[in-house]
Amino acid sequence: MKIKVIAPIISDTFMDEMKKEFTGFSYPQTTIDVTNLDYGPASIESEYDEALCVPDFIEKVKQAEADGYDGVISNCFGDPGVKPAREVVDIPVIGPCEASMLFTSTLAKRFSVVTVLPNVVSMISNISKVTGVYHNLASIRYVNIPVLEVHEKEKLKSALLDEMLKAIKEDQAEALILGCTGFMGVASELQMKLTEKGYDIPVVDPGFAATKLLEATISMGVKQSRITYMKPPSKQRVMNTN
Amino acid sequence: MKIKVIAPIISDTFMDEMKKEFTGFSYPQTTIDVTNLDYGPASIESEYDEALCVPDFIEKVKQAEADGYDGVISNCFGDPGVKPAREVVDIPVIGPCEASMLFTSTLAKRFSVVTVLPNVVSMISNISKVTGVYHNLASIRYVNIPVLEVHEKEKLKSALLDEMLKAIKEDQAEALILGCTGFMGVASELQMKLTEKGYDIPVVDPGFAATKLLEATISMGVKQSRITYMKPPSKQRVMNTN
Amino acid sequence: MKIKVIAPIISDTFMDEMKKEFTGFSYPQTTIDVTNLDYGPASIESEYDEALCVPDFIEKVKQAEADGYDGVISNCFGDPGVKPAREVVDIPVIGPCEASMLFTSTLAKRFSVVTVLPNVVSMISNISKVTGVYHNLASIRYVNIPVLEVHEKEKLKSALLDEMLKAIKEDQAEALILGCTGFMGVASELQMKLTEKGYDIPVVDPGFAATKLLEATISMGVKQSRITYMKPPSKQRVMNTN
Amino acid sequence: MKIKVIAPIISDTFMDEMKKEFTGFSYPQTTIDVTNLDYGPASIESEYDEALCVPDFIEKVKQAEADGYDGVISNCFGDPGVKPAREVVDIPVIGPCEASMLFTSTLAKRFSVVTVLPNVVSMISNISKVTGVYHNLASIRYVNIPVLEVHEKEKLKSALLDEMLKAIKEDQAEALILGCTGFMGVASELQMKLTEKGYDIPVVDPGFAATKLLEATISMGVKQSRITYMKPPSKQRVMNTN
Amino acid sequence: MKIKVIAPIISDTFMDEMKKEFTGFSYPQTTIDVTNLDYGPASIESEYDEALCVPDFIEKVKQAEADGYDGVISNCFGDPGVKPAREVVDIPVIGPCEASMLFTSTLAKRFSVVTVLPNVVSMISNISKVTGVYHNLASIRYVNIPVLEVHEKEKLKSALLDEMLKAIKEDQAEALILGCTGFMGVASELQMKLTEKGYDIPVVDPGFAATKLLEATISMGVKQSRITYMKPPSKQRVMNTN
Amino acid sequence: MKIKVIAPIISDTFMDEMKKEFTGFSYPQTTIDVTNLDYGPASIESEYDEALCVPDFIEKVKQAEADGYDGVISNCFGDPGVKPAREVVDIPVIGPCEASMLFTSTLAKRFSVVTVLPNVVSMISNISKVTGVYHNLASIRYVNIPVLEVHEKEKLKSALLDEMLKAIKEDQAEALILGCTGFMGVASELQMKLTEKGYDIPVVDPGFAATKLLEATISMGVKQSRITYMKPPSKQRVMNTN
């Protein structure tokens, strides 16, 4: 099984870490390849950034299908481009936010998301409404660290732990989702730290959830419903992005 | 008050009709100008078309703000680009779907939407969920006429009337929303025909609702909340669209 | 266009201020006239007060229709009499609570209401449920100042600002609605003060929202659905109020 | 225990049947007295009728409290005056619609209401939303017989049975509520007829449900919450009704 | 009328107090008998305890029906066995959690539950979702006292009062439900203490609510819907419990 | 990774087919073992059957944990015993109904379930409410074939196809879930037949969804939240089942 993970940003800084990370998430028989965009934002921290990344993201999804990939992950917690891409290609396309919210709903009846910046709270809340699990969402908190600084892992983990504890104590969270796919390699340690503090609850890495859900979809021989996601009619579409 | 109505498509066929239509919707003291896009699809009939139109739509919104417009309408029932544009500019940006669903909620406790094609049903349903009025929505029906053929007015009106009657009788609709901004100049006649058949209920034109809500917003001196729609952080954004 | 604003109370103290206020809310081509009741309570601060004002309010609405008015506003945040009046007359009848909740839903995904007294919290909550936007409502707070003392503007504004800040910080409000139509002439200043404190979010005056929504409804040539609000059957109705 | 059943209408035609009916609903130790209004409509078939009956209904509730009654039933399926009366008196006040919807929610996961006329469907739907059980409500159907003709029992029962069968087959109702307190003495027979047709499901008489819930409330020594229903502040209230 | 109250636990310690308590809840013409289980847990403080008590609970319900009882109460706030028992017998079976949540919904628009231990919070929350009144539930709090220690009445009452006050002030509860059927004989005193502190709101004893709702159901001649709760098909069922 | 699939029934007829089926669902590195119960019903077609199977099911789950299994599937679409078992053991426990509803929510915005008998419709509906995806559920249909006759594959497939087409056309289903884990080996063929009829939408096998979600959970190193599913306190528990 071949999966293409597309970082919907122009920066290629995280490509190696991303490939290693997703390879770790996947089963041995899965091949993970990663790519980033030619056109779009350096990172995604707003609806605006999402909007800018989507046209080239869809091109990369089409290319992945042409190259024989069995499925695609949009590697950003805002799930940019997932819905239009599902219309365009015949392979499954998974978004980490939707995947982790649905996955976590099997582990706990309420969960909180801890994300990067206040700017993306509305996007995440809207995804929970469209997916139908808004009432399972205890809260959306943020560490107030820009995406491009999340590689400072100690600072990040400390800030995440603080917000996670607040989510548990103040918002009655019973499980936690990392609300940025840039929060790589920290889920297990945070889960362990919470357990040490008496909260033996899951910390879900959204990239991990996306990978497992995509592998599941491919294995099962299913893909997006063509009633929900119909093929776009043919027409003239003038783009700069080619 | 100066309002810019942006058709998020590359076709300029409807520009004159659109200008006339929106001028008719607005108060005498409102100036309506219209524009279409340089890049994007010929019409919007999918999430894919939406995705492609948004980057240039945002450019046009920025330009409208720079040109001194007091507000913008995204003239497509899928409300493309409304959320990112609200982040980027300091003038209100209104989408016809959201506007008409909220407006119609003052007139009836349940309404149906009749749109063009089955392809856009999910988009419209999702907007109702994000806006919070999903449970006021009785059904979304469609006439199965592509956007670029909706100028055949008699055929269109007949198909709309059929679906409206089904919405009333089978889905318990108590008011109706035209689910495509290309359905121009037909709302009043359809409302009259329904009244003749014993259903004295409103037929809401989404462009009309959007215009009135935008005029209201501008008059009131308010705009989108900066907590819901924060300004995007500065960063590198590589686009072809310049 | 001629609009009648009916204060559903017997006190005529605020008539001049009200006429000036609503004239300021309206477009130049709109004529605003105001009236109060002959029978009913001195102010509305309970379901009981609402119940007492409705019969004469409906009489005044009928009179407004007979006098050629194009629409009516029930000028109290509890929207008293709006639903029965919609049945009785053929002109639109708007309530400030419903109007401002729906209007604000275009500006922010969550809003709080700040009202006068704890007594009216249930009424307002119930309106949000019937209108269908309960889950957009972050909280209902109150300044604990009786309606007839809200003319002490400095005290009022200070109390409103305090509760608005709590709504933002504690209840995650992203926009604010003034929850009493007696809170006249304070919205803009409060919005400015919030902006100075870093919260650039809308403060919606419910009378303003009602006026704009009513003007929109009249312009559009629509009124309440006769399926939702059917004409009352003829019968004997014995009233003292005539 | 002394219960006052108030028919919120001026007609006294049904007083004897009503007294007999409610006495049959109650425990032997309960005394049932009935009354009707001096001012108000001949029957309740609209929001308008409701509005007109409430002021005198509240007077009658106050009188009932003064006369030593332990609780009051507003004997109309629209629950008119229940909320304001709860504010005013210190004895419980029960509405048949709310009571029967909550009671039936213990017997089945979904129920339909069959009422008199299409005119009252919105009122009933709104009560289910305010009470919080809207999603338990399968449908609201009507026999299209005016309130004052419901004494033609055979015609009524036949029409009710037809609509009940449609509710079961088309709307997936799993229990049924009679949606008018004028549908006296028919619940058991309809339940038997449904059972004969293979549907062994409850048919709930709303007056019965109201009586049992009121007896329960009085026995338990509880009444309406004074946070939900606060005492109305003192003030001038000018009424004709005295 | 004969009611069997079944404590779904093996301990018979509380049988006398329980019989006295429920006899006090019931009307004079009602006979209350109580029993406990032969197999199952000593108390119910988890889904696990619930699961273990249900098979013998159902046997006891069958026995009650065979013995001529008119209805059964499952005397634990987790409502164990209520749904399967409703399938098996032809007499009504009531659970205290469902009964008290629906009953309290007539008294206040929002209520909190105060229960024994954090272990049962999810069970209670799930019942509110299945019953359909989840959005009426302000919060579920707990005193952190195991079921078998709740007979220390002073300690219990003090802890309950503390949590009730927090529910009112922090969670906007407007009524309170005792969230354990072992909290016997404390509701009235707690209601009085809350009233003394300025909160004149109901404190509902779940056993009381269950008794009154069961008496009501029996009086009315209704029982569980056979569409919701169909009779189990015949088949081999191998059990140890006989 | 070692997974134990427990059929919560006493019949061992399907053990071989089940082992083959689940082995086919799983990744090569997963070992699947199956078992059935010593005590309980021959099949599960009611809440009653569920109740009877749970005590021994929990014993089997404990045994699986003791035997070194990494996770357990409760192989019945009613998810019997899943919640109590999650409390008792430290390995993940997955139910096919919850798993398939959450999984399918990534593929379509609305889905229908087609199950065996009307008897289990309420159970399935309740699971959707507790899981939080009730509003994604278009309908629950049934083929009216008892569990022990579902091995007549041609009859079964024909009946399933009929109901699936009705779900699509009448209930607006956009994806389908097989609502019984006894419907083995039919999902792909049904999906193909629907595609031939113009409905290219997923047909989800609940056992497949459960297997993939359990493998995902184990791979990720997470398990059920200990706030949602706390460890049961120690106490006397008298059972026959040992």
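Letters A, B, C, D, E and F mark the chains in the order given here, with residues in each chain numbered from 1 onward.
Following the convention adopted for this analysis, contacts are C-beta pairs under 8 Å (C-beta built on N, C-alpha and C of every residue); 3 or more make two chains touch, one makes a residue touch a chain.
Just so it is clear, the structure is predicted and the values come from calculations on it, not from any experiment.
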Please state whether the interface between subunit C and subunit D is built from the same residues or different ones, using more than half shared residue numbers as the mark of same.
same
The assertion on subunit B/subunit D checks that the Cα superposition rotation, as a multiple of 5 degrees, is 120
Roughly how far is subunit B from subunit F, going centre to centre by Cα mean, in whole Å?
43
So, in whole Å, the Cα centroid of subunit B is separated from that of subunit E by 51
CA centroid of subunit E to CA centroid of subunit F, Å
30
Residue ranges of subunit C touching at least 2 other chains are 109, 122, 126, 130, 132, 135, 227-228
Give every residue of subunit C touching subunit E within the complex, in rising order.
122, 125-126, 134
Any idea which subunit B residues touch subunit C in the complex?
25, 27-29, 92, 94, 98-99, 102-103, 105-110, 130-133, 135-136, 168, 174-175, 188, 191, 199-205, 208-209, 212-213, 215-217, 219-228
List of subunit D residues in touch with subunit C within their complex
10, 38-43, 45-52, 54-55, 58, 81, 83-84, 86-88, 117-119, 122, 126, 129-130, 132, 146, 148, 227-230, 232-233, 235-241
Quick one: which bits of subunit B touch subunit D in the complex? Just the residue numbers, please.
109, 135
